[in-house]
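Shared between the two complexes below is chain A, which pairs with chain B and chain C, respectively.
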Partner chain A sequence: MPKQDFVIERYDPVTERSYEQQFTAEYEPGQTVLDCLNGIKWAQDGTLSFRWSCRHAICGSCAMKVNGRSMLACKTQVTDIVKRGDPIRVAPMGNQKVVKDLVVDISNFLDAFERAETWLQEIPDQDPPSREYHTAKEEFDRWSHTATCIHCGACYSDCTVVAADPKFLGPAALAKAYRFVFDSRDSQKHERLEFLSEKHGIWDCTRCFMCIEACPKDVLPMDAIMELRTEAMREGITNNHGSRHSNAFRGGVRKRGRLDEATLPILSAGVRLGAIPELIGYTPGALRLLKSRKLIMAAKRHGANREGRRQIRRIFDEVEAEKARSAVDAEAFAAERSSALMAH
Partner chain B sequence: MLEHGVLIVGSGLAGMRAALEVSEDPDLDVALLTKVHPLRSHSGAAQGGIAASLNNSNDEDSWELHMYDTVKGADFLADQDAAEILAREAPENIFELEHWGCAFSRLENGLIAQRRFGGHTQPRAVYAADRTGHALLTVLFEQLFRRGVKVYSEWYALDLVLRDNVCQGIVVYDILTGQIDAIAAKAVLFATGGYGRAFQTTTNAAASTGDGIVMAYRAGIPLEDMEFVQFHPTGLQGSGILLSEAARGEGAHILNAEGRRFMEDYAPERMELAPRDIVARAEQTEIDEGRGVTDKKDSVFMDFSPIGEERIRYALPSVLHLARDFAGIDPLQAPVPIQPTAHYSMGGIPCDVDGMVRLKDQNDRPIVGFYAAGECSCVSVHGANRLGTNSLLEAVVFGRRAGRAIRTAVPDLAPTRIEEGDLQRAVAEVDGLLKSDGPERAGAIRQELREVMMVDCGVFRTRPQLENCLRMLKNLQERYQRISIDDKGWQFNTDLVEAIELGHMLEYAEVIVTGALAREESRGGHFRKDFPTRDDQRWHKHTLAYRTDDGPRLAYADVNMQPQYRDPFPLEERRY
Partner chain C sequence: MKYAFWPGCVSRGAAPELYTATKAVAEHIGMELVELEAAACTGAGIISDGDPYLQDVLNARTLAMASKLGLPLIDICSTCIGVHSLAVEKLENEEYRARINERLAPEGLEYTGDTKPRHLLWALFEDLEDDRLRSLIKRPLAELKLGPFYGCYILRPERVLGFAEHPHRRRSLESAIELVGASVVTYDGMTKCCGFPILTTNKRNSLAMAGGHVGEAKDSGADALVTPCPLCHLNLDAQQYDAARVVHRKLDLPILHLPQLIGLAMGIEPDKLGLDGHVVNTKPLLHKAGVR
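Here is the complex of A and B:
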């Protein structure tokens, strides 16, 4: 049987000491990092602590960092990650407090779901139907992939925003919120989108793709967050930095044919009294940018010419017309669908 | 000492469903205790579906047909009053879960989709792609969260405390801190899951070590029908990881080394969709007679090509991933080697249709304040063999019923007490392991246990095999007394928890083998090569195993043949 070295990051809660320890494990092709960890625990060192249970990527217990990235130990085959005799490095998940060895405290991760109230909220004062609610297959197919989340925390562990702001709801809770926003059985769509548009919510994502890479299922959390942004703006929830920024960005390009860096922060903060402290906060940075000639006040000078601006506007018009057409189509489709359902 | 009105032990489908039901009464103080986080519970691994005669894909189904299929699938060992309740209450339970937001797959017309499943004559499996258990577990946890039910996560129950047939509460070990404590409760429900981990090849999670079953056994309660273990026909070769029966429900074939659909020799009508015990035995026969596949010749092929790529991607995404990630095979390109794998525990803690634990002997005494539901219980709805999709259903139907029964009973129950002395056995066990310095390693004993159970107490059994198995078990039990563990610390000591679990496995394995040795017939999941037919005259009865210091003492109880709303289904030969 082939042998493989492992360097495991350990933590002893009694002495509060972190250290690395090297082990050598035998494995058969097809065996996983979890198989090796259990081999080490059962034959060499029973003190090595980690969580695991189902061993086939459904219980979500065994997320940990393997060679620096978060993944399920049970789903990671040794042969897929060995590199020329290098040891495989195993460490606890990030963004969470270590309890012992590879075991972390997941309470912050779980609290996010509670804060986002990720459970179905029925229409108040209305009895459910005697049988099931009718859910169009298209609707189910739209959100069902986000319901595959196994709450393993791998996305949360690798999230670059959680690292900077522990109050950020995180990819998993936001993807789960997406599901309830688009689930027609839920009555709180607008309220949810308002909450999600606040600080620590959808607009704080930096689109770094780490969550999509870490997810062992098909959740695609970042895509869900982006769709939530669009939906929130469609619902008219625009009194926030993120959607103002998005609007100002788009408006600038449409009007001048280029990004207008001078007005962008002002429009993003909002033309209102309350924005003044935020704008004052930008001043030192803006001055530095000006000084280094990175901020160009006269956007026109470097913007697109008249013909270019006209072409860009035409693109905007076409996209918007297409959107309007498909919205009419979708409405007609929905009407047809609901009359068919009522006839059933 | 902690105290709650109601304490639910185990956080899978049955436990959470019961907790939700109890929490309907705001005056009742209910808590849920689990050795893993609720979302890690093994119910989440169930793939294919949950049965209910909704008639969404056809209009010929009825609860009576569902009940008949269940009783026949059980090889007529199911209690018919219980099977009737299971089938009758299925639809309302499904609708309730749907109203809570469960992500069931849909038909084009917006209704819940249903598919075919082994042993069911109608397409009645409601499903969420091939991760139905996960969808159900998630929705129940959401509701539990919403109602703010107290959860003791990663607390390990060590002992059940009974006094004069009245339940007082449990002794617990907080895995995070290592503290031993007691929780007194007027009502305790065990929903602690099955016991498949005693077998080498199994679909079961690490947590399925029969803890609740052994706690009840040690407290003097007999265990019912423990010899009935279901071997699922489609485990991945080697690991035993489950590939859903939904694959066959969607049309996959099973082939031997000659490329032949051998099920035509064993169940010509139902073919691959015969009940699991029959398909598993057919596979094992093909393997034993040299028609196995791959170099090892220890498996047969599951061929997905009749289903079609688009449908596989839509209806069986997890199966696709599992075969790729855990066997390195793409089912869209090649057949997947599969073998029988220990899957489900038909036996368990004897209880009635309201979850109340009863001795079911001549006196049929109830244990006041002690309830059981889900895989750890034996109502019995599954008899000698469970049909696929009936286990998730059992968990919600009987979890809910037990919750209701508890809600009604608790206001009239007297307060309970746990004395210092009640903690002694658990304290001694934990202290003993922490101070242990014997030469034996738990890992080695566990490995030997699982191997001998698989070989000698598996799909096929004979007297010499079972006698050998029992001798081996006695030896392993002795060696277990001389183990030592490496981790002597208090915090998050998984070395210690695994050693205690091994003690449980050694204890219940003996009950399985003793029951199997005594039952000289073949019925459902229990097949004796030396007694290959069903013997209703002698064995149409439930086994009850009582704990004594010399091993299990067996007694027997009648099978209930008194459904409430129709005539019982008479015993008949089981053909598919």
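Here is the complex of A and C:
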């Protein structure tokens, strides 16, 4: 049987010592990282701790970092990740406190679902149907993939925003919220979108695609977050930085065909009293930019050429009219979703 | 080697040194760049917050312009290549493509799907003969230890970036650093988000990301970072002093644009590469590299 070295990041809560330990495990083609960890635990070191249960990518227990990326140990075959005799590096999930070895405290991850109230909230004072609720196929197609989440936390572990802000709701809870926002049986759509548009919600996502790459079940959390943004704006929930930023960005491109860096920060902050401290906060940075000539270049407001601007404005107008007639934005998301699900 | 060239908004705005350096390097290696002066901003994933369909129309238009010229489209920004590549994927859907082509028709344009956009970083290794590329390196930067900083959209989602056909793209930036003879410093943050997309939405989080990555690279021994993305450059360089305050430490790490690095190693003079236009001073780095 082939042999493979593993370097495992360990932590002993009694001595509070973090250390790396190397093991060598035998494996047969087709065997997974989890099989090797169990082999090590059973034959070499019974104190090695990690969570696992189903071994079939259903229970969501065994998410951990393998060679730096979060994945299910039971869904990851050794032969797929081994590189030129390098050891496979195994570490606990990120963005969460380590309890012991590869076991982390997932309470922050789970709290996010409670904060976002990711359960069905029925329409009050309405008699339930005599048989089951019916969901139209188009509606089901929109969110059924998000309902496959197994709460493994791989997305949360790799999320670049949670790393900077532990209060950020995170990809999994936001994808679950999406599922209820677009569920016609739910009564709280608008309230949900308002809550999700607050700080630590949809507008704090950086769109880094980490969660889409990490998810072992193709939930496409980031795409769900993006569609929530569009829906929130459509519902008129625009008194926030994110919507103002998007609108200001769009306005600049409409005028010149290009991003208008000179006015964007001001318009994103908003014409309101509360924006004043924020705008003052830009001053030291702006002075440094002035010194490096960057501000002058931005203020020159480069644009597309004359014919380009004319065509771009035509497209903006036509799209606006088209949006009033048909659900083109939902079509855009559907196109992205179907190609993503097909590719994965 | 002739390309339809999309410079992106930032190289014509707050990062003019990227435009300067790109032109200098292209001329040096004989890449002819036909600038798409009528093209629109990609929307950067921000227009799509409220108007995803509009963003797709704008990008289909840019791709169709390149295809009308019969030239491959070249980008010099990780965000631009990411948004263009995602548009290509969505436009494979025939119904959606037909709808979008109706918006392009009045201008005499049609998106046919025959344009695959590429980033300058990829083009260097895929379109130039390997021997010729290596022969152009006249001033190896052997003294420098450099950290790559990719920018999300040139790495993710992998499915739209041609990684299956071009596996080298996964470590293209390390290859560029090796090409110029410098040593590669790897660190955790090199493939993560610079924070720029949320700079105006959540400045503290944004700068904590930028400052965290720069600090980590510095701790790993990097003399500078190199990036193929001008948006990352804005957060890592132009915002570096504010980021330093958020992470409570001194940073002072120069950030190079990809063509600046390549240009330096090809023997192009620093002032022709806009190296004096950064917020973080690049002089000590040039001194260490033995350039003037």
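Assorted remarks:
Following the convention adopted for this analysis, the second predicted complex is superposed on the first by the 318 of 344 C-alpha atoms of A that agree within 3 Å, B and C clash if a C-alpha of one lies under 4 Å from a C-alpha of the other, contacts with A are read in each partner's own complex, and residues count from 1 in each chain.
To be clear about the criterion, a contact is a pair of C-beta atoms (placed from the backbone, for glycine too) under 8 Å apart; a residue touches a chain by one contact, two chains touch by 3 or more.
As the structure is a computational prediction, the values presented were derived from the model and not from experiment.
When the two complexes are overlaid on their common chain A, residue A:Leu120 makes contact with chain B while staying clear of chain C.
In the superposed pair of complexes, A:Val7 makes contact with neither chain B nor chain C. Of the two partner chains placed by superposition, A:Val82 touches none, neither chain B nor chain C.
Shared-chain residue A:Thr230: touches chain C; no touch with chain B.
In the superposition on chain A, A:His134 makes contact with chain B only, not with chain C. Look at A:Arg250: by the touch rule set out above, it reaches chain C but stays clear of chain B. Of the two partner chains, chain C is the only one that A:Pro265 touches; chain B does not reach it.
In the superposed model, A:Ala286 lies in contact with neither chain B nor chain C. Which of chain B and chain C touches more residues of chain A is settled by the count: it is C. In the three-chain superposition model, chain A touches both chain B and chain C at residues 340, 344. Of all the residues in chain A, the ones that touch chain C in their complex are 68, 160-161, 163-165, 168, 199, 203-210, 212-213, 226, 229-230, 233-234, 241-243, 245-247, 249-250, 253, 257-259, 261, 264-265, 268-269, 278, 281, 284-285, 288-289, 291-295, 297-298, 300-302, 304-305, 307-308, 311-312, 314-316, 318-319, 322-323, 328-329, 331-333, 335-336, 338-340, 343-344. For chain A in complex with chain B, the touching residues are 12-14, 30, 41-43, 45-47, 49-61, 75, 77, 99-100, 103, 106, 113-114, 117-120, 122, 128, 130-137, 140, 144, 147-151, 179-180, 183, 185-186, 218, 337, 340-341, 344. Interface of chain B with chain A (complex): residues 36-37, 39-42, 44-45, 54, 94-95, 98-101, 103-112, 128-129, 131, 134-135, 138-139, 142-143, 145-146, 176, 205-207, 238-239, 241-242, 317-318, 321-322, 325-328, 441-444, 446, 485-487, 489, 491-495.
Chain C contributes residues 9-10, 12-16, 37-41, 43-58, 61, 86, 89-90, 92-93, 96, 99, 103, 106-107, 152-153, 155-159, 188, 192-193, 195, 197-198, 200-206, 208-209, 212, 238-239, 241-242, 277-279 to its touches with chain A in the complex.
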